[in-house]
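Questions regarding the structure given below will be posed in turn.
Order of writing sets the chain letters: A, B, C and D. Residues in each chain are counted from 1.
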Amino acid sequence: MPKALHRLLLCLCLWLPFAAQASDAQDFASASANDRARLLQEWAAQPDPARLGLLGSLQQGRLGPDQPRTLRLNNRLRGLLDNALASQRLLSDDAQVRLQAAQHLQRRAQPTQLGLLERHHAAETDQAVHAALGLALANLQLVAAEPSVRLAAVRLLGESGDPLARTRLQALLEPAVESDEGVRTAARTSLDQVERKLLIGELLGQAFSGLSLGSVLLLAALGLAITFGLLGVINMAHGEMLMLGAYSTYGVQILVQRYAPGALEFYPLLALPVAFAVSAGVGMLLERTVIRHLYGRPLETLLATWGISLILIQAVRLIFGAQNVEVANPGWLSGGVQVLPNLVLPWSRIVIIGFALCVALLTWLLLNRTRLGLNVRAVTQNRNMAACCGVPTGRVDMLAFGLGCGIAGLGGVALSQIGNVGPDLGQSYIIDSFLVVVLGGVGQLAGSLWAAFGLGVANKLLEPQIGAVLGKILILALIILFIQKRPQGLFALKGRVID
Amino acid sequence: MKRRSLIKAFTLSASIAALGLTWTVQAAETIKVGILHSLSGTMAISETSLKDVALMTIDQINAKGGVNGKLLEPVVVDPASNWPLFAEKGRQLLTQDKVAVVFGCWTSVSRKSVLPVFEELNGLLFYPVQYEGEEMSPNVFYTGAAPNQQAIPAVEYLMSEDGGGARRFFLLGTDYVYPRTTNKILRAFLHSKGVADKDIEEVYTPFGHADYQTIVANIKKFSAGGKTAVVSTVNGDSNVPFYKELANQGLKATEVPVMAFSVGEEELRGIDTKPLVGHLAAWNYFESLDNPVNQKFVADWKAYAKAKGLPGADKAVTNDPMEATYVGMHLWAQAAQKAGSTDVDKVREALAGQSFEAPSGFTLTMDKTNHHLHKPVMIGEIQDDGQFDVVWQTEAPLRAQPWSPFIPGNEQRPQHAVKGQ
Amino acid sequence: MNQPLLVTATQKAGPRLSLVIGAIVLLTLIALPLLSLLPDGHSLQVSAYILTLVGKILCYAIVALALDLVWGYAGLLSLGHGLFFALGGYAMGMYLMREAAGDGLPAFMSFLSWQELPWYWAGTQHFAWALCLVVLAPGSLALVFGYFAFRSRIKGVYFSIMTQALTFAGMLLFFRNETGFGGNNGFTNFRSVLGFDITAPGTRAVLFLLTVALLAGSLYLGWRLAQSKFGRVLTALRDAENRLMFCGYDPRGFKLFIWVLSAVLCGLAGALYVPQVGIINPGEMSPTNSIEAAVWVALGGRGTLIGPLLGAGLVNGFKSWFTVAFPEVWLFFLGALFIVVTLYLPKGLVGLLKKRDEP
Amino acid sequence: MRPAPIHPHCMLEPSIDAGQGREAIGLGHVAAPGLDARHGTVLTLEDITVSFDGFKAIDALDLYIGVGELRCIIGPNGAGKTTLMDVITGKTRPTRGKAWFGDTLDLTRMSEVQIAQAGIGRKFQKPTVFEALTVFDNLELAHKTDKSVWACLGARLSDEQRGRIDEVLGTIGLQAARGRAAGSLSHGQKQFLEIGMLLMQDPQLLLLDEPVAGMTDAETEFTAELFKRLAGKHSLMVVEHDMGFVGSIADHVTVLHQGRVLAEGSLQQVQADERVIEVYLGR
């Protein structure tokens, strides 16, 4: 008899969640917009593990895992959903999940969740989660009736470097808001703590974005440092080489999507060799057909390559259309890593910085540690002499130019991950590229490196102060002045004049 | 010897020039329709599809027998995103090709560049893009939105409960007259709603700005101060880096929604929208609208793109300016039919109050006096498939207010079109 | 590049013939505006379209000539001449805007709800002062930039890139709305100049004739320079600057003089350009335009006087034709043109004519 | 203002008024005072040191050239001969030391142009002429006259000047080639043309870097004659490897080695000198 009873209870327990979920789903489906919001808030206040599945599918606009997409969500509902979901997750056994939930609630917890948080905070065993919950709680306790509670909360907030904490604490400074003198002073001290933390975050952020911009400039300019810096070809079609690289990335992405959807995660890696090959191929073709006839006449190369760039742009426009094409970041390149509460470093940019440095290193090795590099340097320094020594100048020129363009292609792959991919992509980088090469000193790879990062950081330091436009103008003015002092650029060889 | 060669060269150049001037002289039983959209240069990204949709509409009208028994003959020119060239080409269309009407321009500057030409030669221009207002020419019909048909409802929505009840506004735009004027109007409007200046941040970036790290960081900082929304008038190309930066720095629509006025289906084609779900755009038309007229419009367009083998035809989308071009051309055809002629003055008269059942699902009417179309306002949410999902819309089309009441000095502006305003 | 510069194609072709051709061209150019005054529908009437088109091309031709003075003769390739052109245009535009606005502020300023004019607009309602600005703005900028550049012996590609950076900076500056020059929209919708309706055929004809006069004037000036010792010093400068210094010439002065002169010519061209096309905006400063100017010169044949004019005329003629005839693919033609010229006509079209001349 | 007309018979007269008619007109044009060489030395170098990051191209070198002297500088490659010329003409600035032109002009403080205008002419190792211009124009440009921008704009050739140019054309034997582009001349002819340009410049001090390289024996002989004629009225400093040539012209020879003066004296003396033999024959 008790056995049966147990069974019955057991069945009930097993069956209950489904009952609950089903009914919730119906409630939600039948509710009006406002009722839905209310419903979600209730769920957030009294979580129930059984709703996990339902909330999950609601986020995708379905009433159940296998239901069709019928719900129309808006940001308000999405926010509440996330919130409800977080509080459900607090019940999870996995400390990691609980931690994320707690961190979410730090920012978004509603007063109605106060009780819930208090319970979990008390019950929580895991250190990290406990602390996180403490902060989340503190945010709500700032308006608690009991001054001592508020005081504790204020002190606790001092620990966090969360930008939200600053605004919350600032609010407490007015006597009108916070009656208790002690709490106010505590708020002041905590505020100072928080602001110190935030300042560090901001400075790091600026430095990083400077480096990131620098790496972009470097990738854009590196190829030019060879075609222009070494071969002396004023390659106005350089930007279009970047563009070709970006479009090859797009092509690879399409192909992978179609034939190997599994490998989509890694299409940028596949794109690298392709982009290099495409750009280098086009580059060599141009070198053989056009530029070969123009060595020693740099200014003519300017005009010819200008014509080439016009043709390439229009060709791409006719093939792929004038609109931008979609190049999606794969999972490992999207999102970012939260270093500090107010500092997120996007993966794509981190990777690009590394990539830029690698490419620069490889180029340097190629030019200084290989036979080809030796030949290139020989030919670029004294064509006739090299020819006499049996260096096949023609082939070397072709390979060198191809190399330059190929590197530009690699740059294009990187650019496609952070910017737009359209026919005019190259145009927006060409001037900066030339400035980098000239500033670094023509023919000086190391110079280009320093110039690129220098410009990037300078730009990013100026931008917050005087805005993007004035910043750029000021940079240009500085470059012009700088060239006055060092007409051959940062790393000019002694006594050698390039013109 | 030398003499001959010199003369040869001279005559050659002369003949080329002559050819250029007499190129498009053709049979006269047709009505010539000028299409003045950049097919090269920076604006080609937006304008090429308008050229194509115009050609499609002309085909459709011709298929129905044309206007007044005459077929329409498109004259396509490429002003190459070069503003002086717009004026030159405009003059050429009106004086050399003697077109009855011109559909064209995207940027305000191109419109301002051709405006004097059209007023001088009494031409007729249909301008299909949302713009800053502050203009009302008898020679132009504006089928795009005026600020009160796009910006203000959008901000009202952002402040509403469903919109997330934003209390702080980050006005981000490319530095040209449309964002400037729009933001000026918005600021005045927000003041009227009791939003203080410290809760409004106004930031401008140069054209083709590609590095939004600092700005997104600032948005984050600003948003810590309370419920924030971004109102973006960032222009075409810069949107991709902007949205990518938003996504990668983890700024979600649930925390800081971005309301864009210049981002439509075409622009989204260049972006992976999965991380952007929930960000907003305000237009008077979306491709995703579910009504028979629109279904036909979209189907026709996709078919046309395939048939003509346009690049990226498989992903062809429609957007607001395309709809505006489509509507504008039909309105003009109806008016010309009604007037029984293509004479500009007659057509202008006939156009007043002319109405057309538009893909937006409403019957749009050309205002009797101010040359602007009455348009419904819709707020769309970006979906992960690159389309918009309409989350809010007006019950009826709104009348345009080209002279915004929020800009001082506009009270005494005339409410009907006069030259040289 | 090495052909003696004072032996220009004109002389090669023999002074008499070239005079004849020159006279013919000049007469046609003078006839155009007069014919444009004929009543509409008259068989000989030249339409305003052709007049403005040719007028525009003539302005470009002046720019090409000015660029050739510094590139072809002194060997300094400037990729920033668009800036000087635009500055002259803006100076004139300021006057036209004031003229159009009457006593009030220019329209774009009232958009930005500015109360009074910025200081640098002072006096622009006076035509005379505007004219001074047309010369002073490009001139002084060129003077300052040139002084520093030539003092530190910036040459060749470095000079080109620096000038490009300069015009790029200028473009960004003028794009800013706060700068007070109408931002991206620039100046447009002009009404009248010196009280004459700017769209009246008479005004157009006069503007056109002024352009022709300026072109002829700068052509004569260039010719005199090429003839003078100054021209020979420039050539020497281009080929062997060190030698010249050891001969006791100071290259800086010579470079600076021709550089500023060329900038001023561009400014004047710009000033005539604006009222004819009816708009000036920062687009004119975009590096692309300046590079195109260089292309005109190279195509026509640099280091000669008629070369640049020929180049500017042809390229722009082609452009106007192509953009209508083949809107989709005209860029291919243009690009191919540049490549072919640089590959097969290193001395430009003039060079081609000369090659024919050699028996 | 015009320089005083120069009559053919005194075409090689040293003019002491190097600065005449050179008021500061035009940019960067600096007036140079008349050359004061009362103490008999036209060039005074004391303790001149030039070091390119560490390496001493010239090391504490002293050198005095008297008015009207014809001095030959010889020495193995890398002895610093060309650097020495660069120092004198202001192309390279000495790291240390004094360099006076006459008794009043401090060369270390003057620009190349000022030095040239003050009356020091230089002929490069590799003949450099204005290739695009005709022989006549080359000489005309070199002609000693007001060389400011404005002067050049309105310059007309006076008959004296034409006469002067024809004179020099005769001297260097290029009358026939007067109308040809200098670029089309032979190596030797270019050498002569450059020498001719120096004559036109009419400087107090001529620096000649290997003037007879690439000349036929006859030409060499002729050049030797020419230099001898010049000497006495002008001061010449000739850097040459061709010992024969040196022997035929030099009364006084300086041997440079590793940036120092190794020996000085008549050709016989220096050739007898042990160290010199060692340096040259490496014994």
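We adopt the following convention: a contact is a pair of C-beta atoms (placed from the backbone, for glycine too) under 8 Å apart; a residue touches a chain by one contact, two chains touch by 3 or more.
In this text, all values refer to a predicted model and were calculated from it rather than measured experimentally.
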By C-alpha centres, the chain nearest the middle of everything shown is C
A student comparing B-C to A-C should find more C-beta pairs in contact for B-C
Chain centre separation (chain A, chain D; CA means) in Å: 65
Chain B to chain C, mean C-alpha position gap in Å, rounds to 34
Separation of chain B from chain D, taking each centre as the mean of its C-alpha atoms, in whole Å: 73
Centroid of chain A to centroid of chain C, CA atoms only: how many Å? 44
Touching at least two other chains at once: which residues of chain B meet that condition? 39-40, 175, 204, 206
Residue numbers in chain A touching two or more further chains are 313-314, 318, 469, 472
In chain C, what residues contact two or more other chains? 172, 175-176, 328, 331
Touching residues on chain A, where the partner in the complex is chain C: 234, 236, 290, 293-294, 297-304, 306-311, 313-315, 318, 427, 431, 434-435, 438, 442, 469-470, 472-473, 476-477, 479-481, 483-485, 487-488, 497-499
Touching residues of chain C toward chain D in the complex: what are they? 2-5, 228-230, 232-233, 235-236, 238-240, 242-250, 252-254, 256-257
Touching residues (chain side chain B, partner chain C) in the complex: 1-3, 5-7, 9-10, 13, 16-17, 19-21, 23-24, 39-40, 76-80, 82-85, 87-89, 91-92, 95-96, 107-109, 112-113, 115-117, 120, 134, 175-177, 180-181, 184, 204, 206-207, 407-409, 420
Within the complex, which stretch of chain D touches chain C? 26-29, 89, 91, 112-113, 116-117, 121-122, 124, 128-134, 137, 140-142, 144, 147-149, 152-155, 181, 183, 197, 201
In their complex, what parts of chain C are in touch with chain A? 77, 145, 148-149, 151-158, 160-162, 164-166, 168-169, 172-173, 175-176, 287-288, 291, 294-295, 298, 328-329, 331-332, 334-339, 341-343, 346
